[in-house]
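What follows is chain A paired twice: with chain B in the first complex and chain C in the second.
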Partner chain A sequence: MSEILELKNVSKQYGETKVLDNINFKINNNEFFTILGSSGSGKSTIIRMIGGFTKPSAGEIIYENNIINDEPIFNRPFNTVFQDYALFPNMNVFDNVGFGLKIKNINKGEIEKKVLDVLAVVGLENFSKRMPQELSGGQQQRVALARAIICEPKIILLDEPLGALDAELRKQMQLFLKEIQKKIQITFIFITHDQEEAIFLSDRIAVLNKHKFEQIGSPKDLYYSPQTTYMAKFFGECNLINCSVINEDSKSVKVSSKFGNFVIPNNATLNRDLDFVYGIRPEEVKLVAKNENSMRVKIRDISFKGSTSTINATNENEDALLKIQNISSNISQSLSVGTYIDVEFNTEFGSIFTE
Partner chain B sequence: MNSISNYFNTSIWTIVSFVLVIFLILIPLASFLSYSFFTVDGTDIIHEFSLFNFKEFFVDEIYIRTFVRTIFLAIIVMTCCIILGYPVAFFLARYAGRYKYAILLMLIIPLFMSYIIKIYMMRSILGYSGLINKVLAMAGLIDKPLEFFLWNQNSVIITLVIILLPLIIIPTFTSLDKIPQNIVEASFDLGCKPFQAFKYIILPISFPGLVVGSIFVFILALGDFVTPQLVGGTSGFTYGKIIYSNFGMAFNWPFGAALASVLLFVSVIIILLTNYLTKRLNK
Partner chain C sequence: MTRSENYTKYLLACLTGLIVAALYAPIVLTIFYSFYKSRKGKVDWGSFSYEPYTKLIFERQILESLMNSIYVGVVTVICSVIIGFYFANYYHTSKSKMKEFLQFIIFLPFLLPPIITGLSLLIFFREINLPRSLNTVVIGHTIFVLAIVFKIILNKLETLKPSLMESAYDLGASKWQAFYYVLLPNIKLSLIIAGLLAFTISLDETLITLFLIGNDTTWPIKLWAKMRVGFSKQVNASVTLILILTSLLVLLIASIISRSERKIMY
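Moving on to the complex of A and B:
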């Protein structure tokens, strides 16, 4: 896959306020790339810098080996789908969609043909004479997308385009976006604060936290190999346990923790100290019969979730909490609060964080 | 039940507003206009239907000539107001940032001042010993006061433009101010250079506001008779002035009413025509 866009050491600050701090990433051609972050994390600023609406305070934006920091908006081969659509209120759907071509002085016949084609792609063939104010949110969204697609940009920037839609419509539009991106083969850079949406849509996700990227990777990478404790807790839940190494050999490491001692595989490639944080997802904690590797924990509460249950357990001193998920309800039924159980970790799914 | 009571409430307010308009505006206006079909004998008004006044208007060419001249005057004033007002409104709405409402307030304050005071103020600026002539004389640029600014058509135009300018700035500003920034950004995004963004997006969206302001200015300039009288000298003989003197000095109410009817008729035609053209343009 070839690379289309790169942000190199990009920072942005407004006066004293730092919005983005040393952002680096590369985007491949035809990729669906999502920037995921909470509101105020600076994710819109990234897309606005790529689009040319604001300039980075430091660093470079590189498009196909050219630095485009100072390229004016109208020269960039990107088109934006704005959060609240930004359709032109003085033009009907047809003119809105055809606007980009009209500016490029393409002749009327060709514009008409292309507009009708693109309207068919987004399913709005019968709405070309409507004014934007007469359309529903989802329809306006489609017009905004059609208006971007028709210019055949190299990259389409989508700034939380589904933010204003209700849940039902949102689901529909997600499916629609995913399908259309496959069909037209254009790189999408998508911004959202919704994890589920990001996982469903994206080839790769960049998670933005406190003005920096925590991790960039495919949805599966982010879930199965979180690189920071923030990431471990970001998708789903994760027990984070402070550990110290007792002894180790080439194959395994024995560590102590508040829950007791346990053994994890020794991964030599991983850089770690003698003290580290071990992350294990609640569904990777299993109930076992007592053995030399198991740990004894006290049940604090059991919540019934249908076929499975979730158990919150504590150590002997009751100063550390362990969450256990996906326990068959048949088993949890026989357990009661305050009693002890023996647990083991599926250590192949654990992660090590050096903080 | 709810919808019935709603309907009831709505219809009451509709009736009230119609009654108010009919009794406070339409009936007085109609009774006034009905005078245009009467005639006078000495100082007595003869209450008999006659088209004499309208015949008079068309026969004596001074009326039509003055009328046409006044329309031209109003068009010039309106054009000057558009040329001066639009850039001001544009600057205010797009570049004045947090100062915009403060500046706007300064433009509105003169509207609360008496109209007569503003005209006298203009006289003290434009006059022979007014501010402009004094400054020019002190700078040594002129030997004797310029006559360009007072007692002629120019002074009428300058004064009207300055008095009426806020009326075009305010509605234009309002329509420019409500254009969201992201719509302008979207136009750049789709390849517009700044001038194209102005031509295709900003101007069409703000056009209705500009039209409203222009109609205000045009109608007010057309009917004005105080300004021409106070700063216009001999060329202050506008159509409004003729109407005024028929009600005042000449005491010929029926003829005054007939002249006013013609003015009203033409004004309404102009408003309807502008409205129609604006709608066609936006299609």
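Moving on to the complex of A and C:
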């Protein structure tokens, strides 16, 4: 896949306040790329810098091998869908959508044809004479998207476009966005604070935390190979266990932990110390019959979730907690709080964190 | 409802009626006496005539002063709306700390007693050797009404989302195109209202005008001068005309506002 946009060592400061610190990423053509972060993490600033509404304090924004830091907004082949839609209240839907073409002095007949085409794409062909105030939130969102699409930008920037919609409509619009992005084949850079939304929509996600990217990757990468403990806890839950190496050979490493000793595969490419944090998801902890690799833990509580149950267990000293998920309720029914169970880790799904 | 509650209701209604009557009686009487004559406090019902109105046409001085006032009003509206918009837009978009000072300067002439504003302008014009004329009056009025025009336009600008102009730029508009196609249509109403208000204020402004006017005269000053030498029916008639004119203006403003509010209600 060819690369379309790159941010290189980009930082942004307002006075003394650091908003973004050394941001690096590359975006491929036709990709649905999501920047995920909590409010105030600086995610909107990234999109505003790409769109040209604000300039980076340091670093370069590179579009197709040209640095575009100083390129004025109207020269950039990107269009933005704003969080508050920003439709022009003095124009009807048709004129709103046709605005970008009118500015370019395209003749009326062509504008009309294109506007009606794009309105059909977003499913609003019968609304062209309506004023923005007469439309629902979801419809306004579609108009805003149509207004961006019609300019045939290379990238569409979406700044939390679904933030103002209620849950039901949000679901519908997510599906709509995903389908339309496939249909029109334009790169989307999407901003959200909603994890589920990001996972559902994106080809790749960049997670922003404390003004920096924690990790960039496909939703599956982020879930199964988190690179930091923050990321391990970010999507779903993860048991983080402090470990020390007892001995190792080329194939496996034997480590000790508060829950007992266990063996993990030795991944030579991984750079780790003798002490590290091991991350294992609650559903990758299995109940087993006692054997030489199993660990004995004490049940603290069992919560019934229907067909499966979740167990919180502690070690012998009760100073470390282990969460176990997806235990068939048939099995958990026969267990009781305060008794001991033997567990093993599904070590092929575990992660090692050296921080 | 009990009987005493009923009485209270009627009493309040009467009181309200009296207050309204007291407020508007002078205006009604002015109109009334532009048509009828009175002798020793008694109305002469047989004396109805349009004469003061027809005579007014031949009363060149009053008409001339009225034309002067309209000229001053119109030029004041044009100047104050353009300058007011410029300052309001600057105040709205600028991050400079100086903008608070700018607002203070704009409001000062409006808040100061008009006598101070008038006098200081007069001294200033003398210092720079600008002879007094209708144009100095226009400058004085513009400075005076600027605060209101500025505030009305600023209020409107502050209701607009910043993303509105950003999206215009984003779709490829130049600064001028964004102003013409997006900003102007959205603040048009506030410009009209500000202009109409500026015109009404300018029309009856007397104190500042008194200091700044040269050999010409504006309508309120002419009336004032005429009253000193005795009442004439033409004064009544011209007041009635202006009353109708300004009422129509106010009605126009009100209808524009209510129409735009209905639009937003959708």
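Note that in this section the second predicted complex is superposed on the first by the 355 of 355 C-alpha atoms of A that agree within 3 Å, B and C clash if a C-alpha of one lies under 4 Å from a C-alpha of the other, contacts with A are read in each partner's own complex, and residues count from 1 in each chain.
Convention: a contact is a pair of C-beta atoms (placed from the backbone, for glycine too) under 8 Å apart; a residue touches a chain by one contact, two chains touch by 3 or more.
This structure is a prediction, so every number in the text was calculated from the model and none was measured.
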item	value
Clash or fit, chain B versus chain C on superposed chain A	clash
Partner chain in contact with A:Ser128 - chain B first, chain C second, else both or neither	neither
Which of chain B and chain C A:Pro89 touches, first, second, both or neither	both
First, second, both or neither for A:Phe99, with chain B first and chain C second	both
First, second, both or neither for A:Arg147, with chain B first and chain C second	both
Set intersection of chain A contacts, chain C complex versus chain B complex	51, 53, 73-74, 78-80, 82-84, 86, 88-90, 99-100, 103-104, 147, 151
Chain A partner contacts - residues on chain B that touch it in the complex	180, 182-183, 185-193, 196, 200-201, 204-205, 282
Partner chain B, residues of chain A touching it in the complex	51-53, 72-74, 78-80, 82-84, 86-90, 99-100, 103-104, 147, 151
Chain C-facing residues of chain A, complex	51, 53, 73-74, 78-80, 82-84, 86, 88-91, 99-100, 102-104, 131, 133-134, 147, 151
Contact set on chain C toward chain A in their complex	161, 163-164, 166-174, 177, 181-182, 185-186, 263-264, 266
